[in-house]
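Each structure below is given as structure tokens.
Here come two complexes built around subunit A, the first alongside subunit B, the second alongside subunit C.
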Partner chain A sequence: MTKIAFPQMGDYYIPATFLLSHIFPNDEIIKAPKITSKTIELGTENSPEFVCTPFKYTLGTMIECLDKGANILIQMGGGCRYGYYAELQAEILKDLGYNCQLINLVTEGSASLKRINKLLKQINPKYSKIKAMYYGFITIKMVKYMDEIDDYIRKNIGFEIEKGSFENLKEQMLITFSHINSYRNLYKAYKRYLKKFQKIKVHKPDNRLKIGIIGELYTVMEPFSNYFLEKELAKHHIEIKRFTNVHYLLFEKAHKYKKYQKYSKEYFTYSMGADASDNIARCKYLCENDYDGIIHIKSSFCTPEIGAMPIINKIANTYQKPLIFFSFDSATSETGIQTRLEAFYDMLEMRKNK
Partner chain B sequence: MKDCYLGVDIGSISTKGVIIDDDNNIITSAYIWTEGNPVEAVRKLLDILKLNLPKEYVVKGIGTTGSARKLIGLMLKANIVKNEITAHAIGTLTFYPNVRTILEIGGQDSKIILIKNGIITNYAMNTLCAAGTGSFLSSQAKRLGINAEEFGDYALKSKNPVKIAARCTVFAESDLVHKAQVGYAKEDIIAGLCKSVVLNYLNNVGKGKKITPPIIFQGGVSKNKGVVKYFKEILKEDIIVDENSHLMGAIGIAVLARRNKTGNTYSLEMKNVTFSTKAFECHRCPNTCELLKIYRNDKLVDSWGSKCGKY
Partner chain C sequence: MNRVGIPRSLFYYYYGNFWQDFFDSLNIPYILSPISNQEIVNKGIKIASDEMCLSLKNYLGHIDYLKDKCDYILVPRISNFKNSNQTCTNFWAAYDIVKNKFQNKLLHYNIDLNKGKTLKKGLYKIGKEMGKTKHQIKRAYKYALIKDKKRIKKNHIINLNKLKSDKTKILIVGHPYNLYDDMIGKDIIKYLIKNNIEVIYSDKFDPKITNPLSKKLSKDLYFKYSKDNLGSVVYSMKNINGVIFISSFPCALDSLANELAMRKIKIPYLNLVIDDSTSFTGLETRLESFLDMLGGKLND
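Up next is the complex of A and B:
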């Protein structure tokens, strides 16, 4: 029997499971266990030492899924080293003695629907294109709604009056979303939860601190890999702006590039790979708008971001905005991050009250 | 009765305590080794401070900083617990309101703080290796068989410091052994070490930061004349080293304790207070968090290390 699995990232396992379970109703979808210290340990053990950290996380989840019985793994690719993840991971898993098929939906940086169709047909010959399109549409909408609600949460969670109200409601929402079966159903649930979120009482002072988070996409989107940075900031009553989410990557990135390049043409001329150019433009945006500080996060050894960092530093210097860089790895000390983050917060507070 | 405020800075190598009054005068201070046991070190520190504190003073605020700030904060029931970057900046600003750059090299970490118009504008802390810090210097002093305190004097004697590849502590040590084995003089090697600490600091922590005078150098290593000399030489600027440069963090946190005073009175008597910690590993999920439970007078006051918030 076919057992399909895919790597974890944030809460996106819900739309992904939804899609796969509907287009392959007769196959089993293995839900990857939540990312824990064991995941990263497994990943680090079996990865090249200086590979970027998302590689280690995804390899770790793959191994965990294989141990749960999966035999088909789905991976994607991107415009940086991410483009080589699937091939290398397939080799590593083969060397480890796992008998599995790793399907890479995006190769050479392009996601051709024709190719994806062909690959999905390989998984199960009964696969129907029409069905996939229908459920694909709902999945995209689900991702969009989730990202919209997350955006609202990020702006307000630091100011909730009753502690934990946002988190609890979000958990409920995720459970509802994982039981969706039609678009109507999804839309209603989205509207209902949005209203509920808006009803949560918040106390937002006018002189609140606002921070923008930019950086490498996986580290930004997977809270475990950034040591729950957003949660930590919310504890300090900070409003958070984050640009990257899956909806952005799938539908906005491609046509926003030109706009970004025009907007920050004094800083870069050519695309710098992955999200590097986007982050430069976002940094400028944050500097020009009323944000108090910028946090740039990346996994260690992320090459495009390393290229972007000096430029981002320059922009922040020009606009005199506080900026801090964090690099996350399996060997990063949590205390070190907390000390720096606390100091960053104190610095912003001092500037604000001056 | 006069009010006074206690600041305690518990670092990796040394524990510093300062008591100040309302006008930032230092009433008494103490500097002892932490020796891997912050709780015992603070008990000792308080004993020393208590002896030297005139009877008419009452402690109206306690602040803790340094790497053991949270633990000692619970032990002393401090009214403020702050990170060492902020504490150092506040401490320095109290005495040097015009300072623009603070260079700080401590036992395990080194930092740079940039200040403009009395507010921090940027800071950085070493991220990778201890090659630019005090513990590196003290371990090398031991290897060469001299006291860490004499290190600076030796360095000043040298006319021709050797170059030491100090990218990383371990490799620097191999290079050092090599230089000694091929016959370089001791003072040249020591001077080379001091210089390599400066270079390492500027290349790692100081990278991309604009260092503008007035520059103040503090932390334990600022007592090393050799390092100060090479900072002056390489930056081509004057470096101010305060006589209390090693206490700046403690002074800063004492000032913050005064700013955040609640009106409570604190006791420095710790003899009747039992303070213990209990570590265990949670096996509820594969995270296997290392948890630490903290007991004050046999009462659980806090527990740390949980990722899920169950504890």
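Up next is the complex of A and C:
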């Protein structure tokens, strides 16, 4: 029997599990365990020395999934060297003695549906295209709704009156979402939860701090890899703006790129790979609107972002906006990050009160 | 007179001779930055952000050297060569980084074959900017192209002859901007030659032959320069005694592609990663033991 697993990122394992379990009803989907420091240790041990951190995270999760009995792994990515992860990871896992098949759905950042279709057929010959399209559509909607609700949460979680109310409700929502079986069902659940979220009482002062988070996509979206930065900021009663989410990457990026390029053409002329040029435009947007500070996060050795950093720095300098860079590695200490974040926060507070 | 500055780093090692032929034929004066030295690298490190790879830091140092010595600096942007032949994202970003870091006028062109931006179009654009007629540019381009083809052929033949040599043969795998740069890889090669080793450079093979061969090592690889490198390993595998991988820290492509090659090839290899604080003494010890190992293997 085939047991399918995939490396996880944030809460997106729920739509992914939903999709796979409906396309392959006879196969078992193995839920990747939550990322812990053990996962990273496993990944780092077996990775090349100076590869970027998402490689280590995903490799660690894969090893943990294989230990749970999985024999088919799914990986996707593109844009920078992410598209090349799969082949090397397959080789590493083979050298470690695991017998598994690694399927790379997206290479070079171009997802051709024909190719994906062919690859999925490899997993299970009984796979039906029409079914996959139907459930694929629901999954896409689910991702969209999740991203929308996440956006709302990010704006308000710092100001909740009763502690933990947002998080508890979100957990409930995720459980409901994972048991959904039709689009109608999903839409109703989404509306219901949106109302519930809007009913949660918040106290938003007018002079609240607003911070924009930009950076490398994996680090931005996987909370463990950025040491729960968003939670940390929420503790300080800060409104958070984040641009990257899966819906953006899948559907908005392609046509937004041109807009971004036009908007910040004095800073970049050509695409720099992955999200780097998007981040430059976002930085300009945050500077021109009333945001108090910008946090740029990335995993160490992320080449596209390294190229964008000097330009982002320049923009922040011209607009006189506070900007802080975080580079997360598997060996970064949490205390160090907290100290820097606190100093940054204090500085913002002082600027605001001046 | 409009003088063009050509930094002797990164792109120079792929297109330098071509540019020189092109500018010579068009009668455009140009200056080259000197061979890398400690001062240039230090300047580069100061300008660059600290996580950039050593080669890019070096490049920025060269541009800093040129900034008051010429009217234009030639900074191309190279993105892809079609058919899954991307380049490093630093090559994509180099133009924008330089544009934001320096106030100089830049001469630039874009190679992006997926969007139809070819080298030819790029050079025509440059020629026009320098006030030359279409006819002149055409002649210069053809001249440079023919010379370039001859150069590739000649290098390939030299490499083939080296493969037949009786000495211990070592294939050096790395990007030319690392191998031939005095601050990065030159010392290693000098050391090998001093020790009577036949040094074969991976980039001197004809890319048209090596590029498709890389499929034998890696199916999914889509980086042009890494493909050329791995292809050369496949191409010469049977005739060489060992492989030395040289990369600058932290090279994005090499970290994955070289690692894969090292896991798949069955000949002795050595992986050298060069940092701005790497001392040659450390490298020397490793090279020495590698050569000893090869020697021992040969005598068996």
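Everything that follows uses one rule, which is that the second predicted complex is superposed on the first by the 354 of 354 C-alpha atoms of A that agree within 3 Å, B and C clash if a C-alpha of one lies under 4 Å from a C-alpha of the other, contacts with A are read in each partner's own complex, and residues count from 1 in each chain.
Keep in mind that, in the parts below, contacts are C-beta pairs under 8 Å (C-beta built on N, C-alpha and C of every residue); 3 or more make two chains touch, one makes a residue touch a chain.
As the structure is a prediction and not an experimental result, all values here were calculated from the model.
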Would subunit B and subunit C fit next to each other on subunit A once aligned, or clash? fit
Using the superposed model, give me the angle at subunit A's CA centre between the CA centres of subunit B and subunit C, as a multiple of 10 °. 80
Is A:P310 contacted by the first partner subunit B, the second partner subunit C, both or neither? both
Return first, second, both or neither, reflecting whether A:K354 touches subunit B, subunit C, both chains, or no partner chain. first
After lining up the shared chain so the two structures overlap, which partner does A:A32 touch, if you call subunit B first and subunit C second: first, second, both or neither? neither
Which superposed partner A:L20 touches (first subunit B, second subunit C, both, neither): neither
Between subunit B and subunit C, pick out the one touching the greater number of residues of subunit A. C
Contacts for A:P322 in the overlay, against subunit B (first) and subunit C (second): which applies, first, second, both or neither? first
In the overlaid three-chain picture, find the nearest pair of C-alpha atoms across subunit B and subunit C and give that distance in Å. 6
For subunit A, which residues belong to both interfaces, subunit B and subunit C? 310, 313, 327
Touch list for subunit A against partner subunit B, complex: 33-34, 36-39, 310, 313, 320, 322-323, 327, 335-336, 339-340, 342-343, 346-347, 350-351, 354
Subunit C-facing residues of subunit A, complex: 48-52, 80-81, 83-88, 91-92, 95, 104, 107-108, 267-274, 276, 300-301, 303-304, 306-311, 313-314, 327
Touching subunit A in the complex: which residues of subunit C? 48-49, 51-53, 77, 79, 84, 86, 88-90, 92-97, 99-101, 110, 218-223, 249-253, 255-257, 259-260, 263-264, 273
Help me check something: in the complex, which residues belonging to subunit B touch subunit A? 67, 82-86, 117-123, 125, 127, 208, 285-289
